[in-house]
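So, here come the structures, one by one.
After this come two complexes, each holding chain A, first together with chain B and then together with chain C.
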Partner chain A sequence: MAASPLNPAAASPNRQKSNGKLKALTVQPKQSEVRSDDEGDSNDDAPVNLAEKLNNEEKRKYVKGKKLGEGTYAIVYKGHLRTDPTQLFAIKKIKLNAEYKDGLSMDAIREVKFLQELSHPNIIPLHSVFSTRDQNLNLVLEFLPLGDLEVLIRDPDVNYSIADIKAWVGMLTRAVWFCHANGVLHRDIKPNNLLIAADGEVKLADFGLARAFADPQQNMTYNVITRWYRPPELFFKARHYSGAVDMWSVGTVFAELILRMPFMAGNTDIHQLELICQAIGTPLEDNWPGVSELEGYLPFDKDKITPVRTRADYMSTFPTIGSVGVELLMSMLVLDPQKRATAKEVLEHRWWAEQPRPTEKERLPRKAGGEQRMGEDLKRRGGEVEEDGRRGDKVAKKLDFSSLR
Partner chain B sequence: MAANYWESSQRKYWTFSKKGLADVRRAQESEPANKQLIATYPLPERRLLNIYFHLQLAKLAKRMSVRQQALATAQVYMRRYYTKVEIRTTNPYLVLATSLYLACKMEECPQHIRIVVGEARQLWPELISSDTSKLGECEFNLISTMNSQLIVHHPYRSFIDLQTTFSLVQEEVSLAWSAINDHFLTDLPLLHPPHVVAITAVLLAVVLKPTQGNLQSHAQSLQTAMSTIAVPPSNTAPTTAQARIQKLITWLAESSVSIEAVVDCVQELISLYDVWESFNEKQCKEQITRFVKALALDK
Partner chain C sequence: MSLTEDTLYASSTQFRLWSFTPEKLVSLRAETNAFATKNITKAIKRARASDETDNKEQKIDCLTMEEEQTLINAYCAQLMHLGQAKPFSLPVSVVGTAVQFFKRFYLSNSPMTYHPLQILPATLFLATKTESRHMALKDFAERLRGLTAWKTATPDEVIAPEFIITQALRFSFSVRHPYRALSGFRLEMLGLLEVVRARRGPAGFPLAVEDVRGKLLGGRDPEAWGEVVQRMHETALKYLHGAALLSDVYFLYAPAHITFAALHIADPEFTEMFLEIPLRNKPELKARVLATVLACKVVLLEAEKRRVDKEEVARVEAKLALCRDPEKIDLVGLNRAQKRDAAEDGQLDEKVAKKRRLIREKSARDAEDLFGPGLVGK
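So, the complex of A and B:
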């Protein structure tokens, strides 16, 4: 424990590090109250500092129950309030790599960083953070027992309608709008990151790849977003991009909800790009000015060029959503990110006002047994493959310091 | 920076009133365990220590070519951390290196832990361990102590907007920029929202004529500037400078920015420059080394 920046003399009581949303510490009136209590009853004790004490209180509020899932990055437990066992939570315990050799992973940092600040009905709420004896960070998240959108898409026994799709895509888009309005890119939108709350509300989860919009001159990595949902500009190694990357993902999730199978399921990056060319059109200077200047752009063979798909093409692929719905879908799947619809534009589209109206969240189709599923979803790192390798491909997990600059 | 300042953890949990901040510190100092440490190991006053830490951080950041934004975040982390933890129970060099390491991750310009430890060892070979797990552990501690509230909003973004509003010239921009950088040496990041600091920087840049020297040399003329702000210029034909000050004051009056807060920021900066005169790097270094060594905090 001499390694601790805290006084070694205080080492053993200090083993339990402080954490939790210690509001009392920074709200002044409460502050002094807590403080005096503290002094009152810990006179002869070894110095357990206030932050630590509050962390322990925070920790004691929750009871960890059964394990819902375990991955390389986190273990997810079901938990409840000590004082009220009906109040359920998912507790995501982030594994530290052995003896802190490499510090806390970027995923964990990003997740905590953004969930602490973003509060919206369609974003998974972070209720608390505390640390435990073995010095792990524990994130107390809302318990979302109804699985995720992927489960519903895949399950042949679940039937859903256009009105249901409208409700889900609406909730997803509101979440994305909120992220973008707050200057945050999610960079890993896909059906199994869209969890479903007990009341049917869709919650965007997994902020392990999220980041703030870069300053104009700052580069970003193009190795983000799970392949099937990744927009063409990232395959061309764009280092400056915007919320449009997430909007492409929203478009592909929308298409997947309609088709009930992934819209473009490439096996490799090259294959994915081929599928994009076939399904959407070949990216060329005339449909996307400037595309040929991107680092990863390679000219296409003249005889292999597919013109950008027309509304009639989409109507034949997605007949059920009608022409207005197709118009909206097409606006999100525009090759040129500059011309792609923003989250705000999507929300203002006339499709939402058209019949059928979106289903109320309480009446959306659901499927029991999602607990385990939540465990599976939360234990994953951003972009990580499922064990059976069904879901697209992973994105860069190793920190690539040069590309992150 | 990401997210909305008005809904941020910074505004909710990390912005203090002056009295609030003083109370927090007094409470920390009066803890029985700390009392004795404080008596045994005297340290220079807080602002002088801050100057010292700033210089050390800047050296480390320079070696790794870290962006200014990350350096700023690291300074705020240190300031926040030491509102909760008595400095004499820590190895400040480890906290400093860790703050920078974490800030780099937060600002999306990560540095490898081994690089950070290696560079820190170059700067302070006697005072920091080569074991990277010490830094990793300290990172965890830092995050815990800051309640995992890691996003810091800086004045730079607001300043870039204001720069256009008041069409600042190059000298004014760099003067304002250094005022913003200097405010990280004070308690201002814990006391005022970033846009108030940004407007203060603009005010200083416009009021002072950035012709000779840096801000520091202007400490005296600032007093005059203050009275200019307090009493808007009379109707006598205004000079160009006065006209700009007038524009600024009108803008301030029409905005909802608290004038009192701006005045407070100006005063805080002036007193920083004042106190800077008595800064003695060697003395700071010796006093820190003394408790770090005596309490074996470097191990």
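So, the complex of A and C:
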């Protein structure tokens, strides 16, 4: 899967494909449409350029329906195709912030940039983007009426099995693998960003904190990922990191699915780090070479050091997934990001082949009334806190743009 | 569970929305020019109708498509310089993204509607945001003001066209550059050197060591290989950082084609030998790949030779001064009006908002007639 110019496919000309593609290409309006505006007419209604014209056509394809949720960042509407009201969508209208002086916000740019490029069954599809004349951006997303994984985890009336967990974690990992294969870090994986489609498929959403892999010398911000799902290297202010940060989050979501409560629910960053030390082990040079050189690393008291948890420890905390399952979970929760399993390694693990087999997506447990939940989930800005403050899972939201590298 | 680079590229917006055949590219530009010519002629006539002193009989002489290209190319070069030189000193990938945004913008817009000087800083600012090199708009404008050509630039002027740019970009912000392919080439080559040294290939390696020695090296000393690769890399990079960005190759070819074209310029023999490794049993495919690479090379070489003809640019600039869309000169005012509509009332019926906007625009136009045109982009 490496990007190799030696791969014949990589070098194969796209000419052939372009022919098919050109038909779909809509930049060029039909001649008749361009000319339809007769000489001498007032042209106040005529688009200024071809791009605006295309945008208007796109906008006309959809009808906005009832509001599903509203936050400070976006309003989410239920919508449908003008020509076919049974084709449902969620239309996320990103609010234009008159106070924000720097133009289109970084959250909006990131979300649109990456969703436009990533097309995968386990990533929320972006069907269209259009703007209204008042400069609001509208994202036409797949309608996902069954809520999110957090709802299922928390609802005591919902029962689910290991086979179900296997299906969900599998779908999540495939989404993450695809992001990483495309050079994209998600940086905010958590249960309420995992929405559930009508057919049971899990869809990774909210790319407001995503970014492309950095060039080797380029710094990145460590102020990402919601606290409970954030890996130790980010608490130590690592400025160079990889897909391993997302894999830690996958591990914590996996653990949460099993426990039916957050695995490590810290109230503050310091508390979170303590919980990591207790549950996983204290990060030290011998289990993580180089860790003490990270900017935010503080030496731990000798008498407070917890050795890295053994498989037996994990077996007692997560007895239901068996020793192979525990092995997989442990591989994602390795302190040293260099030794943490990659998405590809996780997908190649023998746990998937072991009994029970993952549940088919159509037969996964579900819960009705997820429409509003989708509205709630999508209205948030990347990493935004729930408004009622119910959860202590703040992502560092004070985005310091100067440090966003 | 395997993704080839080709599959990934095929789902990218660069391929889906921004790749064209040469003929298609020309026809798009011709249409944009025709569309703008018609609209601007009308707009100028409207403006003249309210101006008693104007000579209504004077011919409205719009730019041709070729003149538009002359201007766009000249400003692309300026944009490259602006981004890379102090005080911005941005990496070429960021500036290259800005240049592609600029070129994509002018596929559907004419310089007669939006003067390149108005658009240029906004594309650079947008690229810093999309490429994770964001700085505050205030800082950006301040740096810009340090340059003679921009000494009066305000944050409002920089940001005003951002929205129309994002719309023209069809809200696709990803630009795929050929640099990764070039790095890949270098790594492959250094890997091959190891093959020769170790006298055997890694598992599944398709060539015999003798073939690598004989065909690829053509009798050259393997120990000199590192140097050859380094030299090719440097030459290719020079083309990727210059001619590739300023020409139309991003619209016409995939990143890997562009890389191979640049490598072919650096060392044709070596590059063709290299292509032989994966394609040696597929003569038809090889012929097709090579034909594409060679066509791309022609475009690169032409762009490399091209020099900005200052006299011609000055002539076109002078001509442009007489055929600009009078309604699009004050972008700051237009942008402010639209934002005001949005902020005033999110629920505002669009028709009402539009009516208000038109009234405001008209009064702004009238004011402009009184006080003379805005200074933006002069």
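Rule of thumb we're sticking to: the second predicted complex is superposed on the first by the 349 of 405 C-alpha atoms of A that agree within 3 Å, B and C clash if a C-alpha of one lies under 4 Å from a C-alpha of the other, contacts with A are read in each partner's own complex, and residues count from 1 in each chain.
Note that in this section a contact is a pair of C-beta atoms (placed from the backbone, for glycine too) under 8 Å apart; a residue touches a chain by one contact, two chains touch by 3 or more.
It should be emphasised that the depicted structure is a prediction, and the values quoted were computed from it without experimental measurement.
A.B. asks: Applying the touch criterion given at the start, work out whether A:K95 contacts chain B, chain C, both or neither, answering first, second, both or neither.
C.D. replies: Only chain C is touched by A:K95; chain B is not.
A.B. asks: After the superposition on A, what does A:G103 contact: first (chain B), second (chain C), both or neither?
C.D. replies: both
A.B. asks: Mind working out whether A:V129 is in touch with chain B, chain C, both or neither, as first, second, both or neither?
C.D. replies: both
A.B. asks: Output check: A:Q116 vs chain B and chain C. Expected answer is one of first, second, both, neither. What do you get?
C.D. replies: both
A.B. asks: Quick one: is A:K344 in contact with chain B, with chain C, with both, or with neither? Answer first, second, both or neither.
C.D. replies: So A:K344 only meets chain C here.
A.B. asks: Does the superposition put A:F300 against chain B (first), chain C (second), both, or neither?
C.D. replies: neither
A.B. asks: Tell me the contact category for A:F213 with respect to chain B and chain C: first, second, both or neither.
C.D. replies: Only chain B; A:F213 stays clear of chain C.
A.B. asks: Once chain A of both complexes is superposed, is A:W352 in touch with chain B (first), chain C (second), both, or neither?
C.D. replies: A:W352: touches no partner chain.
A.B. asks: Looking at the overlay, does A:N55 come into contact with chain B only (first), chain C only (second), both, or neither?
C.D. replies: Both: A:N55 reaches chain B and chain C.
A.B. asks: Share the list of chain A residues that count as touching for chain B in one structure and for chain C in the other.
C.D. replies: Residues 3-10, 17-18, 21-22, 25, 27-28, 39, 43, 46, 49-51, 55, 96, 101-104, 106, 109, 112-114, 116-119, 129, 131, 135, 137, 181-182, 211-212, 214-215, 218, 220, 401, 404-405 of chain A touch both chain B and chain C.
A.B. asks: Please give the residue numbers of chain A that touch chain C in the complex, ascending.
C.D. replies: These residues of chain A touch chain C: 1, 3-15, 17-18, 21-22, 24-25, 27-29, 34, 37, 39-40, 43-44, 46, 48-52, 54-55, 75, 95-96, 98, 101-104, 106, 109, 112-114, 116-119, 129-137, 177-178, 181-182, 211-212, 214-215, 218, 220, 344, 347, 401-402, 404-405.
A.B. asks: Can you list the chain B residues touching chain A in their complex?
C.D. replies: 1-4, 7-9, 12-14, 16-17, 19-20, 23-24, 27, 30-34, 69, 84-85, 88-91, 94-95, 98, 101-102, 105-106, 108-113, 129, 131-141, 143-145, 147-151, 295-297, 299
A.B. asks: Which residues of chain C touch chain A once you look at their complex with the stated criterion?
C.D. replies: 1-13, 15-17, 19-21, 24, 27-28, 31-32, 34-36, 38-39, 42-43, 91, 93, 107-110, 113, 125-126, 129-130, 132-138, 155, 159, 162-164, 166-168, 170-174, 180-181, 184-185, 188, 253-254, 256-257, 259-260, 275, 277-279, 282, 285, 288-289, 291-292, 328, 338-343, 346, 348, 350, 353-354, 357-358
A.B. asks: Can you list the chain A residues touching chain B in their complex?
C.D. replies: Touch list, chain A to chain B: 2-10, 17-23, 25-28, 31-32, 35, 39, 43, 46-47, 49-51, 55, 96, 99-104, 106, 109, 112-114, 116-119, 129, 131, 135, 137, 181-184, 211-215, 218, 220, 399, 401, 404-405.
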